[in-house]
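Two complexes are shown next, each including subunit A; its partner changes from subunit B in the first to subunit C in the second.
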Partner chain A sequence: MPDVSDFILKLQRRRIEGSHATARQTAELLRSVISQTRMPYTNQAAALLDAVRAVGEQLIAANPVELAVGNIVRRVLHIIREEDLSSSAVSFEGLMISEKSDDEDDADHKGGPVLSAAAVAAAARSTLRPRSLQTLLEDGPLPAAPSKSSSAGDSEGKSKSDKSAVGKRLKHSVIEAINLLIEEIDDCYEDISEQAVEHIHQNEVILTLGRSKTVKEFLYAAKQKNRSFRVFVAEGAPRYQGHVLAKELIQKGLETTVITDSAIFAMISRVNMVIVGAHAIMANGGVIAPVGMNMLALAAQRHAVPFVVVAGSHKLCPLYPHNPEVLLNELKSPSDLIDFGEFSDCMDFGAHGGAPLMHVVNPTFDYVPPNLVSLFITDTGGHNAAHMYKLIADYYSADDLVIKRKSTSSN
Partner chain B sequence: MAQKKGGKSAASDDPEELARMPLQAVLLADTFNLKFRPITLERPKVLLPLVNTPMIDYTLAWLVSVGVEEVFLFCCAHAEQVKEYIGNSHWGQSHAGFSITTIESNFSMSAGDALRFIEGKNVIRGDFILITGDTISNMSLTEALQAHKDRRKKDPDTVMTMFVKRSKPMPLTHQTRLGNDEIMMAIDPETKQLLYYEDRFDSSKRAVTLDKSLLADNASLYLRTDLEDCCIDICSPEVLTIFLDNFDYQHLRRHFVKGLLHDDIMGKKIYTHEIDSSYTARVDNYRSYDTISKDIIQRWSFPLVPDVLYAGNRAQMRLQREGIYKAPDVTLSPSVRIGAFTAIGSGTIIGENSSVSNSVIGELCTIGRNVSIDGCYIWDSVTIEDGCRLSHSIVCDGVHLHTGATLEPGVILSFKVEVGQNITVPAYSKVSLLPQPSKQDSDEELEYADTNSGVIDSPSIASISPANIEHDHVSSFDTEQSVLLEGGLSGVGYIWTSCETGNEEEWRYSVAPIPVEKLKEFYAKMFDEDESSSDGEQTGITHSGELISESKSTDFDDSDGEYKGDVSKFEKEVEETFERALGGVAEENVQLEINSLRMSFNVTHAECAGAVFQSVIKSAIIASNSSKSNLLKATIDAIERSKGLLSYFITNVDEEIEVILKFEEMCMEITREFAPIFSSVLHQLYDKEVITEDAILKWESEKADADESDKVFVKQSEAFLKWLKEAPEEDDEDE
Partner chain C sequence: MDLRRPNRPVIGPKVRQVGFVTPDSAAATSSSSIPAVSAAAATSAGSPPSSLSPVMIPPPRHPSTEMSNPHFHPVGSYNPSEQILGSPPALSPSRSSRFDADGSDFGGDDDESVALSGVGGGMTPKSSLLMRQPVTKTAPLVSETHKRDSNVSKGKGDGPSAAPKEKLTKAERRATQEAQRAAKAAAKEAAAAGGAPSVSKQPKPATKPATQQKKDVPSGSGPLQPLAPSGSIEKKQGKKEVAAPHPRMQFDDMTKVGKLKKRAVVNQSEARNRVELFRHLPQYEHGTQLPDLELKFFQLDLIHPSVYQVGLQFLSDKISGGNARCIAMLLAFKEVIQDYTTPPEKTLTRDLGAKVGSCVSFLIECRPLSVSMGNAIRFLKNRISSLPHNLSDKEAKSRLQSDIDRFINEKIIIASKAIVEHGVSKIRDGDVLLTYGSPSVVESIFAYAHGIKKNFRVVVVDSRPKHEGQGLLRRLVERGIHCTYTHLNAVSYVMHEVTRVFLGASSVLSNGTVYSRVGTACVAMVAHAFRVPVLVCCEAYKFHERVQLDSICSNELGDPDAISKVSGRKNLNYLDGWAQNENIQLLNLKYDATPSDYVSVLVTEQGMLPPTSVPVIIREYGIERLWT
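Take a look at the complex of A and B:
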């Protein structure tokens, strides 16, 4: 598939910047992969899973630092599993419902006859999710359903009667669900920034580091609701994206102060809240964020300033940071830090026995441990760091955490 | 030709035409030199691995990243191998991001020939990028390309934009960190036009010769030696026609650039674009191979680094702490020590207690126990047995080092060479399975490669057992006059004698770092220069300190460097003048002449007096015919004769003392025959009123606290001094 290799090349050459763009394009690519997959008569879900896994593995390998790729691949795998379960459950009930979606809201809006099917779907979903307070409340009307329908669904998967019809429907419903996922990725800024007024209060001082689009939208939203507050922007060396953010904030009429990264500790006592973006949120609630963030988090903890991370749910990664599969960091070119021409004589390999005495290291990311984060704000609301695993269980199925091993075993 | 040129430039002047012209690039997959011999006999340079990826992949990846749509790959030597590689790699496929067309010519022997050949193909339609297949870069092109197009719109005579990068040359060895010679460029600070280019500039001379018109025509001018030529150019199509018109242009820089700069008639202009933060370098020699490999490992070339799959056709490596890159399936014994800044390719096995540092190891290598590898570039499928020691060497594919072999710094082992047990390969030797070509065809790599390509490409060499190969080589040993590696039973390969560059220059372009002794040598040389100049400074300072009262020595400090030499020169000049004066020149003229000499050499009055007196004494020696009895008489005569001259120059007490001191000095060093008659001469000088009593007494008091050895003459003239001291009243009464 030309799209796939094209996208892989782009990822490999680091031509796609930012998790949002990567997530969106990955979802779009997987949608086209699914629509191009030929459906066999039996075990269609497995065929789709294999197809997505095969592509997903390549995508993840192409740029292991961009965790959003893996997140989206796993989300899509989860969607396929869910849709497979609910569609098979529907066929078992004998109800031919053309429209099917993953979204909980849809179930609520629909009328009486649909309710039973939706309830079965919800029950099927709950088999994929561990029990939680949230899902218990959701599935309230049918407390007995889960165990019964899940066993039924499993047995039904093996003995499908009208396979072609179900297959078509499965593919369609998966594509629909991916469309919803893309929509969700697009809307994440709005969803997050809607919550801004609940967190930013009048005359507060907000500190941020570097430039994050999510943070920017969050601050804009608070400003639009006529909150007046001040923003300190730490410049975020060595890429100095903070300068860009300051410019953008000023255009929206926000009172902005730019400080150096090293002045963070001096300024933190005047700050009411730290709001930062993230590269990825790990399953334990740890955050991978632009370099310098751990320092900021430690400073915030020292002065008991709330440290708030805003991130779309596509940045939620089901892996743990101690997992060797996870590449946590990327070292960029030292030229961000020092001028090559100026220091070229210090880097002469001809002298000093072939190894220069000066080394320059330019890491992109920092790891902020979960205990330093006060609050996560995602598109579904605010969450505690300790609660991250629940959120992850909602979005991913445990079988997909390691994509590579699965695909080799299935081959 | 002129019509054609006109038509072309008219077409490219149209802005819309420019806008939709796909960006083209000419990639020369041949370097037309022998610097990578003997490796390039068997494989083209662009396919040599640089941190386990062929060089051409870096170049192509960069071309894709800057948005080039059409690449013309010019192959010459080993064209088949290049074509095969491109065909098998993903570059040749449709999704690579550009179309790649190979142009093959077996007759081109220089970049000039190649460009003439490409002109003949008539494929270049607009501005194109000219690059060689061994260039590593991560710069962005948009700005420079736009600037080039803007300049061309304004001035159709703009033919080229050269990329330059700031890089300080090493002050000791006068070469850049890439091993290139220093370059001197003159650039217009406003327009960035290149006005002068000298690629063999030697800054140790501390002088540069420029054309007068260069300074006359340009209001301001930057002369820069801290620039490095990136060897990437944006060229207008005219470049090809210029090459066609000047069929003797071979080298891009030496002929083309210099030719255009010296040629006022065509009025073609070359501009420069200095890149600041991004990285660009060209692998031109073994030294730059080493430097660039290390730059890549230190990630200056990001994203073209080993853990990013920009080229998409090699196994991925993972970056660990301290800049260690490891492929996932490397097998290392637990006791292996991997030092910082090392890359190890997939499938490689390293045995117990071995250590690797600052090195690149390719794929599928087998390295035994207790091996030490430092600063080496080991390519694919190399076998290194137990106990080998390798330092700062390049080891090509398929090489086999038997137990206990040692490679000294700077060794190049070409493909499939074997080194026998406990053999030490001496520093800077180049070993190849192929015998060194004789002198006359070593000028033309291409020709040689063609005639031998059958041998190289045929699998026969690989299939012959080592014993057979050795036998062949032994038999050819006498005829080829090459040295077979004394490998005992198992060594295979010829040691090449360095032909192109002299042996003494070998260290300069080697992979090995410059030896400490060499650096010390250079350092000592530089230190000497410093020393002598600081000496000059010191003498200058003391002299000026002495002479603060002298109003005329205002700009004295400026000339301190060569001061010492000047005084002796001045004395010589005075002497010569004085000799001529003896020949019958009027006294006034002599005075005038010595005075002007004094001015021009910028010496003091006292020194001048001393010099004149010295000349007088010397003339006395000549007159006396070196017989001692006549000496005093001759001296008296000489003083008498030049009394006027002496009294003209000796006007005050300071100068008189200077004269006595000078005389003393002479008696001790140059004219020892005067030593016995020192006091008599002094008396004579007093009698003739050349020297006053005050001066003599002052001289005595100055000498009072000197060493015993210095007092010889004071003691000698004790009687005279005593008489002087007793006499004053008489003198007064007389007057």
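Take a look at the complex of A and C:
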């Protein structure tokens, strides 16, 4: 598929920047992958899952640091599983009536003929999703009132030819759900910034680092509600995106002060709140964020300034980080720090066994441990760092956490 | 200066407006009348230098004021307004009235520009000259009280005290302004007949019309009068209080700022958008002072050329770093002492003290003193005042010079050697040492450790805007030391591998706070979080008995434009053209205060101490004894 290789190339070359853009394009790509997948007569969900997984694996490998890709792939897998369940619940009901057994999927075998379709669906659903209050409530009414309306239509008189219709319906509903997902990704700014007024009061002094569109929208929203507050923007070396943010903020009439990153510690004592964006939020509540954020978080902790992370739900990553400073990081070109050729006279490759005396380190990301984060604001509301794993569990199914497993086992 | 007025609402919209010059001002700049103006100012003789209270040894107003040129005096002592008129040729008419009014009090609209410029310019420059004369004559000394009220009537001297004026409403102020203008116009006509030009001030070298356009009108005015052209408008306080500006002067105290401005040699214009929190610090426009000061070279005869040179080097950042600045200053003072001859009927101790004081105030204008320099100056003044009276000039001078040499040697050079020895003992083979910026002592520790074949690696952390670390990196690499270079934000990435952090300090305060290059606190904090020991290397002469809790109450502000321009990254020009926007403020802090709990050990020539021992060192040894 040309789209896929094209996208992979872009990811590899880091042409796509920002988790929002990546997430959106990944979702669109997966949607087209699904629509192009040929549906077999049997085990359609598994076919879709395989197709998505195969593409997802390549995408993740293309840029392992861009966690949003993996997040979206897992979200899509989760969507397929959910849609499959609801349709299988329907079809299973039909099958029970027509006494045709087997062939759908594992849920059938597990559930056995004894169970009602609804019960099977509920059981499968609960395996798909870990128990939470939400799933409990959702599942509660299910057995009592199985979705009759849709099932009534298909249940009677299904022949084999219907299976393709079922497959089409599955594909169709998955694509529908992915469209919803894309919409959700696009709308996350609005959902997050709606909460701005709850967190920003009059005359507040807010510090942010670098540039994040989410933060910008968040501040805009507060400004629109006629809150007047001041913003300190740390410029965020080496990309200096803070300058861009400052420019955008002053265009909206916000009082903005640009400070160097080195002045963060000096200024933090006069700041009421730190609001930053994130690159990804890990399942333990840790944050992968632009470089410098850990320093800022430590300074905020020192002065007991709330450290608030705003991020859309596509940045929620179901993985637990291990040594994230190194493993989830990316070292960029030294030219950001030192001009090309500037130190060439010091680079004597003849001496010291050819190893240069000088190294330049230019990492892209920082890891902020969960204990430094006061609050996460996502499109579903505010959350504590300790609650993130639960929130994340709502979006992903446990089976998808490791997408690579198949290929590694085959290797 | 208006901004700094205490009574003002902190963030008044007025202030904002002040920042920008009205367009018309530029037009007005053409100054044909400059010489004439200056002449007028000169007419009234200033109060004699004797007016200083003898008690205050420290530098009286700038030497220039006391200068031999008789015409200058009037300016200093006089109404600032007069000076103003004389100096800057170009004023927009709208502002003109301001000068009389003491700039700040007047309408909120353009007052800042006025204050900055120091131009009193309701009238065309010429007119201002003319009118000025009558004023000067009527109330030469008194003029310092508010002119504004008096202006209406001719006699300015008898103006009401400042307090009442502040209470005026805007409308009232307008009215007064109008009245003043009228009065001036009348006055000028009257004066025109009189020979204003008789006393010519120094020719002004070159006004810079261009600069005036931006609201830094003052720069234009500056060149003319060495005395204190720009600031003069502000406050007319008695000349008598001429004490040298305290290093920790609060720049939001309008009276003091006014006084300071009057004395100022260096022409500073206020930064455009000053950062609210730092109103108490001088926030000047950078880049204009240097050419300005260069132009004034031949007028500032009372400043010794070596001091002048050092001042220029400070201003242009050619010399930076606590030790380097301190040594440069002391060497300059040595030459001052060398060339000094006691004037007749004066005593060396007193006159030389005042002389040094005036040099110091010049240096302060170029760049605020570091604590180390402050301590060195205290040492020198101590020495001067404790000279026995029966010494001959020659003996006294040679004694002072050897004192200075001894100070440089013992307190700085030998002290750093001792620190190097202490510091090296903490470097083990295989260590990864991190440093930030370019501390001179730390550099020599690394060099020495490398020299004795210790095997270690250095991580140089750098930050904007000065990138001092690159210089250090280059020197270390040239010595053959393995280095890793990174920027401050990445410090938590590199901190994993680091085993020791060596930091320099500009000063260590008696509560253990380390006052140092901005960003040091961040590095120390991250090191603390990663459980890496932090060694702060600092000579004991940099200790100071004052205390500080944050980095805001006392600090130094650098050039705000350095923030918006990223050196070496031409594609990063997001803020081009936006620096003028009234909503944006660019903050370029130079120092920060590292809390003492981040510091594991303080390496000084007295040994390795916990930071809590600083007050002990200061008290037990006596800070004075530390210097002597």
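In this section, the second predicted complex is superposed on the first by the 330 of 411 C-alpha atoms of A that agree within 3 Å, B and C clash if a C-alpha of one lies under 4 Å from a C-alpha of the other, contacts with A are read in each partner's own complex, and residues count from 1 in each chain.
The working rule: a residue touches a chain if its C-beta (ideal position, glycine included) is under 8 Å from a C-beta of that chain, and two chains touch if they have at least 3 such contacts.
Keep in mind the model is a prediction, meaning the values are calculated, not measured.
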| item | value |
| --- | --- |
| Greater residue coverage of subunit A in the superposed arrangement, subunit B or subunit C | C |
| First, second, both or neither for A:265, with subunit B first and subunit C second | second |
| First (subunit B), second (subunit C), both or neither touched by A:237 | second |
| First, second, both or neither for A:246, with subunit B first and subunit C second | second |
| Touching partner for A:360 - first (subunit B), second (subunit C), both, neither | both |
| Which superposed partner A:339 touches (first subunit B, second subunit C, both, neither) | both |
| Partner chain in contact with A:17 - subunit B first, subunit C second, else both or neither | neither |
| Contacts of A:294 with subunit B and subunit C, given as first, second, both or neither | second |
| Partner chain in contact with A:9 - subunit B first, subunit C second, else both or neither | first |
| Subunit A positions touched by subunit B in one structure and by subunit C in the second | 336, 339, 342, 351-352, 359-360, 362 |
| Subunit A residues touching subunit B - in the complex, by the definition given at the top | 2, 5-6, 8-9, 12-15, 61-62, 327, 331-336, 339-342, 344-345, 347-356, 359-360, 362 |
| Interface residues, subunit C side, partner subunit A - complex | 275, 277, 462-465, 470, 473-474, 477-478, 480-494, 496, 518-519, 521-522, 525-526, 529, 550-552, 555, 563-564, 566, 568-569, 572, 574-575, 578, 581, 583-589, 592-595 |
| Residues of subunit B defined as touching subunit A within the complex | 61, 64-65, 90, 94-97, 138, 165-168, 170-173, 175, 177, 179, 226, 276-279, 287, 290-291, 294-295, 298-303, 308-310, 312, 316, 318-319, 323, 340-341, 358, 374-375, 392, 512-514, 516, 519 |
| Touch list for subunit A against partner subunit C, complex | 235-238, 240, 243-244, 246-247, 249-250, 253-267, 269-270, 291-292, 294-295, 298-299, 302, 325-326, 329, 336-339, 342-343, 346, 351-352, 357-363, 366 |
